[in-house]
Structure formats: C-alpha cells, structure tokens
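Got a structure here, written out as structure tokens. Questions coming.
The chains carry the letters A, B, C, D, E and F, assigned in the order they are written, with residues numbered from 1 in each.
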Amino acid sequence: MVKRGLIVGRFQPFHKGHLHVVKHILKEVDEIIIVIGSAQHSHQLDNPFTTGERLLMIRRALEENGIPSTKFWLVPVPDTHIHMLWVSQVIGYTPKFEIIYTNEPLTKRLFQEAGFKVKPLPFYKRKIYSATQIRNRLLNGEDWETLVPQAVADTIKEIDGVKRMQELAKTDKV
Amino acid sequence: MVKRGLIVGRFQPFHKGHLHVVKHILKEVDEIIIVIGSAQHSHQLDNPFTTGERLLMIRRALEENGIPSTKFWLVPVPDTHIHMLWVSQVIGYTPKFEIIYTNEPLTKRLFQEAGFKVKPLPFYKRKIYSATQIRNRLLNGEDWETLVPQAVADTIKEIDGVKRMQELAKTDKV
Amino acid sequence: MVKRGLIVGRFQPFHKGHLHVVKHILKEVDEIIIVIGSAQHSHQLDNPFTTGERLLMIRRALEENGIPSTKFWLVPVPDTHIHMLWVSQVIGYTPKFEIIYTNEPLTKRLFQEAGFKVKPLPFYKRKIYSATQIRNRLLNGEDWETLVPQAVADTIKEIDGVKRMQELAKTDKV
Amino acid sequence: MVKRGLIVGRFQPFHKGHLHVVKHILKEVDEIIIVIGSAQHSHQLDNPFTTGERLLMIRRALEENGIPSTKFWLVPVPDTHIHMLWVSQVIGYTPKFEIIYTNEPLTKRLFQEAGFKVKPLPFYKRKIYSATQIRNRLLNGEDWETLVPQAVADTIKEIDGVKRMQELAKTDKV
Amino acid sequence: MVKRGLIVGRFQPFHKGHLHVVKHILKEVDEIIIVIGSAQHSHQLDNPFTTGERLLMIRRALEENGIPSTKFWLVPVPDTHIHMLWVSQVIGYTPKFEIIYTNEPLTKRLFQEAGFKVKPLPFYKRKIYSATQIRNRLLNGEDWETLVPQAVADTIKEIDGVKRMQELAKTDKV
Amino acid sequence: MVKRGLIVGRFQPFHKGHLHVVKHILKEVDEIIIVIGSAQHSHQLDNPFTTGERLLMIRRALEENGIPSTKFWLVPVPDTHIHMLWVSQVIGYTPKFEIIYTNEPLTKRLFQEAGFKVKPLPFYKRKIYSATQIRNRLLNGEDWETLVPQAVADTIKEIDGVKRMQELAKTDKV
C-alpha cells in the first residue's frame, strides 16, 4: 500500500521554504499530494498567479531539484468558503492519503476533527521564505529571485509576472 | 390564527441576552421563529459553532428555562450574500410570521422595504451580554460561563468548544 | 449520552408513510433528526412546498400524533448538488447522530463510505404512501387527504396548496 | 408617475410574436421592461444566443418597428434556480413596475403570491411564432426568417448564428 | 460596422464625472456600453442602490443631457468573484465592442491580457466627482446634489435614498 | 517553446480509447494536458468516480504504458455550468496550450469562437471503447476489464468501484 502525505497551500508563489517542506515529507511517505488551494483565484495582489501558472512553476521546480514526478501529485482545488465542507472537498479531489502536514491552525483543526493524523511542517527560515514577503519584494523591486527555486523565477519572468503584480498594485483612487 | 414573531441571529453562541429577548417576544406573540443565520459557517473565529451545535445549545437553553418547544421554531438559514434576496430567503425557510424583531439596521431596513412590521429588541445589559464579548472571553480564558445559560455552557464544554476556538485563534504567521 | 437517528427526505408532502417511519425509529433511538432536504426548492411540481410550509406540516402532524417535540429535530438543509460534500453538509447542520435510516441507494452509499451505521426503513404500504402518488392525486383531483396526517391536509388547505400545484401544472405551450 | 409593465422571456430568439406582445403592452402602460432571462446561458440548443446578442437583436427589432427606445428597458437577469427568490431578483434588477404580463404558469403564480397584478399576454399565432419552432427550423434548414423581425434575421446572420446552432446540434456519440 | 467602447462601473451613484466620461467616449466611438457592475449588490454602504435604481438614474441623466438612447447600452452584470472569468462574463453579457476605457488597474490588466485595446479615462476633478465622496456626503448631510446630474438627485430623492443610506449606516453595536 | 495540446474528458472511467488518443496527440505535441472535467462530481451513475480516483487511474494507466509523467499534465477542473465562461475556466486552470483536440461539438465551437486551433480526435473502435458502454457493462456484470488499461481495472477493484456503481443503480422506488 502506497503511503501518502498531503499539504495544502496557495503557492503564490512556490518558494524555497515550500521546496524544503516537500523534501522533508518525502522522507516520511512514499508520495506527496500538493493541493493548490484557492485554485479559482488569480490576478489579485495576494493571489497573483493562475492555477495553470502555479502548476508550471511547482512541477518545474520539483523536477529541477531531482524529485521524480512519480513521487508527487499536483492537485488544484477551488475554495468551498464553507469550513464544514473543506475536508470532504480535499478528500474528493485527491488520491487516498494517510497524513496531512500543516502548521495552519484551521486546516489542522478541521482535519483533526475529521479523524486524520496531522503532523507539523518543519520550520525553515520562515521570516525569509514567506510568500507574502516575496510578493512584497516583487512589488518593491527588491531581490526576490534568491528566495524561489530557479525554475519559479524563470516561470514568473516568462509570464511577465512582476509587471502583472506591479500593475495590479497601482491604484486609480485619488 | 397563530401570531408569530421572528428574530435573526448567528447565536455564536446563544447567551443570556438572547434568552431575555426570546422571553420578551413571547409576551407579545404566540410563537417565536428563531432564524439561525449564516447557517453554512462554522470553525471561524467569528462563527465558531456549526448549525448543529447551535441548534443543540439553543433548544437546551430554552427547555432549561421552561419555554415549551411548541412556542418556538429553530430554523437554520444559509446566507444569500445578496441583500435584495434576503427577505425572500427568510420567508421561504420559515412558517408565516407577522412581526420581525431586530435592532440591526440592515435587517430592519430590508424588512421595512418589504412591508413588514419591524419592532426593536429590548436592550438588556448589551455591553456584557454580547456574543463578541463572550467569544473574546472564551479565547482569553476569562469567565464566560456566567454570560450564557447553563445548557449553553454545558454544550460548549461537551463539544470541546473552548479548545476549538483557541486553536483557531493560533497563527502560523511569523 | 443521547442516541439519535437521522432521516433525510423532501417531504413534499409529509405523509402517513413518513409518520410510520418516525414512530418506528423512535422505538430504537432517543431522538430523531428529520432533515428537510432540498430546502431551497419550492413552487416546482416535484417540490411544491416551501421549507416553512414543510416545517409547519411536519411539526403539526407529529404533535397531533402524540410525539413530543423534545423527541424530534426538524432541520432544513439546502442541496449541495455535489455528492462528495453531502455527508459533511448534513453533519454540519445537525446535532450529533449515530445512525442514519434510509432505503435510498445514494444516501446509503454516501453515509456508508463515511463510516456511518446505516439501517433500512420499514416498508409501509409504499405503493400507496408515496409523495409522488400524493402529488399526482392532488393534481388530478383524486382523494389525497386520507394518505396524509390530518394536520398535513389542513396545512395544505390553509396555504391553498392544491390550487398552487394545479396552477404550476398548467402549461402555456401549444 | 410612470406606469410600467414587465415581461420575462429568454428570447432565443426574439420573434414576431414577441414584437406583437410588446406593442400590445405599450398600449396599456407608459414603459415596458423586457427582462432577458437566463442571462448567463448561451451556446446551448435551447439557449443558443448570448445576452449581448439578444440585447442587439431586440433593440434593433424594436427600433426598426418604430418603438422609441425611451419606451422600453432591456434588462438581462441571470437565473437564481430557486423559485422562492425569483421575484426579488427581478425586482432588484429592474425599475419599479406595476403589472407583470405573462402566460407562463410559474411566473404567474410567483408574482401573484408576491402581491403583483398579473395580466395575460395576447395570443398571436402561437403555433407559428414560437422560439422552439424557430430554433427547429434554423437547425433543419427550413424557412425561419419570415418568423422574426428583419433586424433579428440580420443579427443572427451577422453573428453566424445558424452555423453555431447546427454545430451545437451535431453529436460525437456513435 | 458600428464601433463600440465599453466602461465598467458600479455607479453608486452615477455622478457628473461619469457623465463627463460618457460624453468623452462618445466622441471616439459610435456607441458606448455602460456595464453596471456588482449588479447583484444593493443595500450596502458601498453599494446602496439596486440595479433597477441605477438603471433609472443613469438613463434619466443621459437623456437629460441630450445623449440619445440609441448611443448607449446599459447592461447590468453580476460579479463572478473570479478574475480569470471576468472578461468572458463581460463579453457574454454585452454587444460586441472594440475598446475598453478604464483607469482601474485590475480591469485594465485583465482586458489587456485578453487582447483588448484599453484606453484611459479622462480625469475630471476626480477628488470631487467621486462616488465614495458623494456617499460620504449623503451620510453626513453635506451637499451632494451638485455633484450628480439633476436626474440622479431626483431619483435618489424619489426612492428615499438618503434615508436608506443613513439607516444602513446606523449600528446596533455598543 | 514547449508545444502543448489539451483534451477535456470526464474519464468515467479512463479507457483504452482514451489511451489511444493520448498516444496519438503525443506524436504531434511535446506535452498533453488532460483536463478532468466535472471534477466536482462523483457517486452518480454517469459520474461514479471522484477526481482523486480518476487521477489515480489515469496516471497509473499512462505510466503502465510507458508514457513518462513529464509528458502529461492531469488537471481537474470543476464545471462552470455557464458556457460563456468555460474556455476562460480551462485557460485559468492549465499551463499554456496551443491546440485543443476534441470531437465534442460544444467544446469545439467554444474554443473555435475563442480563437483556438481545434483538431479532431482519431476514432478508435468508438462503439466499443466508450465510457457509457463500460459503465453499462460494469452494472450488468458483463466483461469490462478488457476495455480499460490494466491499471484502471486494478484501481476500480481497489476502490470497490463495481459495488459502488451497482449500489447507486439500485432503486427504492416501487
């Protein structure tokens, strides 16, 4: 029986902290399921990238780091906005899993109430490797490339992601 | 013809102020319809309890206070998020009613525009008997039990509600 | 610990077969939860009555038959239309239950997969006591009153339900 | 005070029967509100045209027939799929109206229950001037142009509507 | 071929700045499509007016200013809340257009990514002619009438809009 | 630049005809995007399997047939139910693609209107390799295993899929 662990994230964008987590989990399970949450959102300052773009950046980053594609599943899942339904939504969209890895209090609580085994994520320079931090740097023209895997940086450039974010950050309010 | 009055609340949780209101209204009408709003929400800091849990705590509290179950209706109603539809949603989910009791400006306005008779709720130590206040106390480990009917306190303990709220209040942000 | 059994139905309308089922279940559990499904629907030939009207007819019928209101819960639940979410939706809207009673294959399967104990409903003259049958009789002006509890017949008359159904059955197609 | 009458239709497509109805109603009221229902649907055999296309064909047809644009309102309204909400949805999307004109039993019933004055539409060669009939003719390559106002025929050709319908009618089933 | 330009706004309410924009655009295109966004919302402090009320105030204001109704389209469009779908939603609800006029960064970006020609709106005393500003003045009892076309002021009075806003602004929080 | 082709299917279940199509397309493009449509549905006679189950059966089948996982993308996409939004939904959920392969008339038409290159699928014994056919055989206890890749048959057995379908096919109607 294949043993699977699952993580949920928005990956806006996928960064080196995420990569560290994936590697860590793959030491404990056979396969990791990476749920791309808020799959329906994009073009927001907090959710700049589409699901298609996030699929691309994550898969390339994992391949680039020598993680065989047979070891991970990338599964976009749209929000339900209704917490009582969230665990069932995740179960319905994904191959069977045994463990969920999370530090996020709501996710932890919901899966625990549903009877799942929940394990914490290893911390890895969280002040630096944070998606919020990276989005701020993207907006402010500060260095962000060193915080993400090379393939993610390449993808963001390829889709002209910096310009998109900077345009979304403009305002027409006076 | 049975005369019914209706109130709308989220009852997160149901407290002694709510109980006071129910008793007050039952002096004026034959039956009270208690609409449990935002029925779809739970596991949020502002909406910690499920509809099932709220049904349980309200019915037990009313029974405990000698209000016969033939005098009240508990009706969960999910949000429409669209104000122009809200009155129709409430009408469709509930037995026919004549009066709506509310101090909430939006509810008051919507039902007035729809031609309903709207009456204010009696104030009852509102600074103390407030659901927001009680949730804060729950989180901070302060006394909250004296603010709710005994049956509500028992229900919250039975479902381990304090721990749920405290876990939801944690953060994984650095 | 209170032992609860749950049934799901649309109760369009509630009939003597349903009443028989409720009495049967109450021999096995302390309390019955009656989920009023498709709560959002009304004014359709298959779903003529609103949730408010169904609440009224069911509660009156149970009271009329001597079932104390402390023994049953009436809980309207709107459809999710997504089967993978249905069990969670029901769990979220209702007080905790141990057994679900159903003969409906989908409901049975979904709750079984979720680990619930599922028991069959007792058959009771099903060809006669059928909501579809009763709606047809209502439309065709045949006897329907003897198939429903007196309180249901009274409620349908009170809300002019026969006329509503007959009007909905008309067509403007040539 | 301006007196307004309202009709609801899908207008897939708008035909000479509809035109006849509009002229008839404008003899009784100052302004007609034409609600374009199922506004969200298109590219279905029963709903081939988008709302934008329907707006275009109706306005052109009315102008062509000398009905001043100050006399009519074209208002797209998406379905709620929930009958208890439909009247409120229509009220919220439209300028205030006094009368609704309809032969459709559900619409008639819903607006009557909401307290509106409902009047029947005049019949006008309904076997011929029927949107279903016209869609069938479009599909089968039979004459359909004489059943719609010239401007509608022109619009359908302009957007290549016949080809769209014929393509949608194909099947890849064996 | 008719050349059309499109603007999107919530028009809560339509003011003289909007009127200026409409006139400006009509110098460049044959027809303007005015998309009334957030069509589903009303009775909120930020969205006080229904779509029906907004249709009324805009059409009256344009007529009053001598803009023939053959030159503009008023098209209510409900939110999708999902940015990747917004451009398609607008396309589906409106007659074909060539140019979109906007200063709003998100709208600009989404339509540019979809390959549309996007042009900026002319600025016109934006600090004064701002819907937010006008709503604040309405609430505070300051002069707002001079900021909107006469017909808009009349419509707001006719529907008792000032009172609605002031009631919505009340609070029952202590 | 990577050249991608896209197909949309429900894959209830994935069969040898689908496999044939995937191999065919991979001769023409670098990567194939397999959109798992109606991702939200399961436990229906027409949609028996969850998205998670379909992901599992497709990936295993492709691996078993020597198609490297770097050559394909599996992307679940929920229905919009609104045809005007479907192409944008697919674009938002998937990596950039150039060609869509389909024989389905609606999909073909929608992508053509959106300016995409659409190519037909090669026919491959369609009367036999049909998901409808296979679901019927599953229900009737006829041979179905030879119509699907070995890995799909194994997955269906592993999740007890035959029993699920047979239970869903039962009826409680008399």
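Here is the rule we use: contacts are C-beta pairs under 8 Å (C-beta built on N, C-alpha and C of every residue); 3 or more make two chains touch, one makes a residue touch a chain.
These figures come from a predicted structure and were not determined experimentally.
Asker: Mind listing the chains that sit against chain E and also against chain F?
Answerer: A, D
Asker: To lay chain B over its twin chain E by CA atoms, how big a turn is needed, in degrees to the nearest 5?
Answerer: 120
Asker: Tally the contacting C-beta pairs at the C-D interface and at the D-E interface, and name the larger one.
Answerer: D-E
Asker: Quick one: chain A and chain C, Cα centre-to-centre, how many Å?
Answerer: 43
Asker: Provide the C-alpha centroid distance between chain A and chain B, rounded to the nearest whole angstrom.
Answerer: Computed from C-alpha means, the inter-chain centre distance equals 37 Å.
Asker: Note the residues in chain C that touch 2 or more other chains, in rising order.
Answerer: 40, 42, 50, 82, 84, 91-92
Asker: What chain-chain pairs meet the touch criterion?
Answerer: A-B, A-C, A-E, A-F, B-C, B-D, B-E, C-D, C-F, D-E, D-F, E-F
Asker: Could you list, by residue number, the parts of chain D that touch chain B in their complex?
Answerer: Chain D reaches chain B through residues 80, 82, 84-85, 87-89, 91-92.
Asker: Can you tell me which positions in chain C touch chain B when the two form their complex?
Answerer: By the definition above, chain C touches chain B via 39-40, 42, 50-53, 55-56, 59, 63, 69-70, 73, 75-78, 91-96.
Asker: Show me the residue ranges of chain A that touch chain E in the complex, using the header's touch definition.
Answerer: 40-44, 50, 164, 167-172, 174
Asker: Which stretch or stretches of chain E touch chain A in the complex?
Answerer: It comes out as residues 82-84, 103-106, 108-110, 126-127, 130.
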